[in-house]
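The following block contains the structure, expressed as structure tokens.
By written order: A, B and C. Residues from 1 in each chain.
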């Protein structure tokens, strides 16, 4: 009993339970769910698929977790920024108005890095609006939520740009000779970098301090505004990276569809990880588990025959459910209920 | 005489987790009187008011109102309003974006035949109310166009129009200038003539003597006494508020042999912050403990905030160990060797959900910079050292700091600054809301630090606490530094300085 | 004591009206050859944006309380899809379907409002979930591009194409010598009626004034005895209800249903409100301003279309830029106000 109680108190408990639950559901439906095979020298299997497809969400979740922790708000522009970074990258590589290309005008790496960079620029804009002008985070990011995708469309001249250059596919698919999908490596790298930074520097401590009590943080020598700003920039860079991966996956820049609905997934990942959307303390590992849980849900929904367009219905319900449980009103109600229960038990014991 | 009594509150007790906020407090309000409710921070004034107006529920005691049989218990401010108890706070409870007339009538607007809001009637009625009270405003303008004083009067007008018999004014004058205060007083006197009982809370002594008839003093949640204004001269009032019951601890100040260092650590010239503190000079030597005294709101906190750079000074210069310091943000002051324990522990001191360890090392970490993380062994060592040294009672160093009691939380913040080995430490009311034993510990610690060469500025609402620790005191009144006392300091001389004016 | 200070809020509204006039005038000069100056062009802006006008009115009500509703675009898509599917594919009669859509709006708003007001969840999160829910439901109904034709529902088709002609002197004579009589569609009448009704509601009812009070200071409103929660709940119900009316207008304009329909509509509605002088922090704003906001938005779109060469995403970008500009303006005004104190 006490072990169970202790386990449920751990922050990782909720997201892991969700993940296990989703996986269990899958295995009941399809016993071959965990099987992994090697076809044509690359790994195949549902699990690999979840790890692979979940990469973008995991990368976004890293940035989003920081933003939520520092500013008690969410960056809803990440999906659009993904699209913009892909388009920016493609326009640099292929040139304006080119529909399809197999030769690049500038080195591929430079193009990709520029895509990540433009994500950072978007983060700068969001960060400035939130930390300097004190605009509510979600309103501030609403601007780029619309504008970034529109700018991306503009850059691509309102069409899909196909980048038919073999190495461009590597990042989003497979590097020849390596059986593991590349996005898994990218996500692992981003996650590793995040953990390294959180471990080796005091950034995590700073962010939590600012998120919990920014006035006190300022008085003890932390530049609260700058930390908040930095979180948005990091979030932008993460969105940029995710955008490039997504673009490489389909070796094209499809402004209308890259990163579509990803803002919801990113926020859901943070919430599912048990992190309060009210800011403050955060658990990065939990967010990442949350991210893969969402991909597991996505894959499951797809397996159940629910299309990508319809999936948001389920996810929206999950978001509302989680946030409702987290809400102070609900908690107060639940704790008063628990108290009543305890009292009843005591009385029963007394009688 | 008896039927003149509007309200009696007897033996009111109210405990919050860890603190007994009210301990047999009482007040009696008569018809047509202005009754000052006095006491220092934490004396229980606002808790008493909140109990009366239904914001808090009291644990024991009795409230009786004229015309109502049996004891009264208010469960919400609305209930209190319904039986004629209205409160006007310093933070005005009106909507700045609505017109004056609307603010008077919202929720009970006059309607036309079609059930729509009848603006013309509303404005007319509002104009009449304002004229009757002698307040000259254009009722159709939005509230934010008017000064705080006028807004306050409008709030009072609303209360009066809703047939209030008891009007509570909670520090209404703290952000008003003299002219505005005079207007407010005129209105108060007028209401008094109409038979309204007014409870007036303020920290300006002059104002008490200008308008009030009676004074009730609270201290540490206890009722000290009820006095007629004439029978209680200023000095006695201050004494009643601050208490002069010296506890029997022997003076802990080291006898005589103070080695006065000549090295000046901090020197401020003409620092000021508009609207908060007028230009002041300040100097402190190595190993010196300087007190800043004055009543709440006198500018004592604002002065030290200005020195620390919590509120950036707009004029003047600050020298730290002979070198000019231009602090853009607190981090600059920290790097120069300052530390600052703010008076509002919850809002400005604690990072509540973080652990004791994290709270202790934060300032040091901030000074080191984000890339030089203190190794966790060092963090643990520091945390353990200060938990031991300051005897912080905590389950472990990883306990979230908001689970600690007030005194221990304060020690954690003190430890945070001791980590950084400051040359100059500002303690703004470190002993507020702390039990007596811990208070003495704090005083001893302060003297110990000073003997090790640290310069300390100490602010406290309790004078004897400062008398025991400080070698010099700056006296603040109305946002100005009015005096500096040194040498032979007695309770009386300090109180006289605080009270100011012709000490009656 | 009397002071007639220039109110920063009226300054914002003046900027808006000035901006609209300037933009329209510029359009008249630059695109004179394309008939921009004709009165019908202006009427067309109203016709195209009838739906947006309704939605912006609802948005204004929610924003007055200090909240926001970003579910509107998706809700419109869901309404349009529902109408297109039921009438276009299934051939149901239109009156019950329209009533059904309105009921859906009320229920949708009730759920959102309940979560915001009674569970105290951030309005943004709630309505974002609502946004994805409605968009997903659109796809659940159908993922095809559906349309309502004259054949499938002649009555609805008739409504959509009904012309209400205005006095002929407002028209112009074309180069063949025929007089072109200006006209509007029923949707414009609906939209303007909504503006008029909401104007009255906001100014002359207890509910309307409560919206302002709640936005001005929630704690004060509570202290003055207003039911803050119920007021907020009603605001969200009203928003979704008006959004459904807007959805019907939108459907009458497009006669179509598609998953990606009305994308970014929430942004346009918010932008219209903000540009029209509604403060993001709540408590200030009115529907007349929002109407002008919509007109500015519509003029931008018309300008982009008149140009012919520009991509439609320019309109999105311009709106976002304008929103950004006004948000910063508001924020600067707020900072100045704070500094004065």
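FYI, a contact is a pair of C-beta atoms (placed from the backbone, for glycine too) under 8 Å apart; a residue touches a chain by one contact, two chains touch by 3 or more.
No experiment lies behind these values; they were computed from the predicted model shown.
Visitor: Where the contacts of subunit A and subunit C overlap, which chains show up?
Guide: B
Visitor: Using the touch rule stated at the top, which two chains are linked by the largest number of C-beta contacts?
Guide: A-C
Visitor: Round to the nearest whole Å and give the separation of the Cα centres of subunit A and subunit C.
Guide: 31
Visitor: Express in whole angstrom the distance between the two chain centres, defined as the mean CA positions of subunit A and subunit B.
Guide: Here the centre of subunit B sits 45 Å away from the centre of subunit A.
Visitor: In whole angstrom, how far does the Cα centroid of subunit B sit from the Cα centroid of subunit C?
Guide: Those two chain centres are 48 Å apart.
Visitor: Using the touch definition from the top, which residues of subunit A touch two or more other chains?
Guide: none
Visitor: Residue numbers of subunit C touching subunit B in their complex, please.
Guide: Where subunit C meets subunit B, its residues are 1-3, 5, 7, 200, 203-206, 209-210, 212-213, 215-217, 219-221, 223-226, 283-284.
Visitor: Give the list of subunit C residues in touch with subunit A in this complex.
Guide: So the residues of subunit C touching subunit A come out as 68, 70, 115, 118-122, 124-126, 128-133, 135-140, 143, 259-260, 264, 267, 270, 280, 311-314, 316-317, 319-321, 323-324, 327-328, 331-332, 335.
Visitor: Using the touch definition from the top, list the residues of subunit A that touch subunit C in their complex.
Guide: 73-74, 76, 129, 133-136, 138-140, 142-147, 149-151, 153-154, 157-158, 256, 261, 264, 267, 277, 307, 309-317, 319-320, 323-324, 327-330
Visitor: Write out the stretch or stretches of subunit A touching subunit B in their complex.
Guide: Result: residues 200-203, 205-206, 208-209, 212-213, 215-223, 280-281 of subunit A touch subunit B.
Visitor: Okay, in this complex, where on subunit B does subunit C touch?
Guide: That would be residues 77-78, 81, 92-98, 102, 106-107, 109, 115-117, 119, 136-138, 141-142, 145-146, 150, 158 of subunit B.
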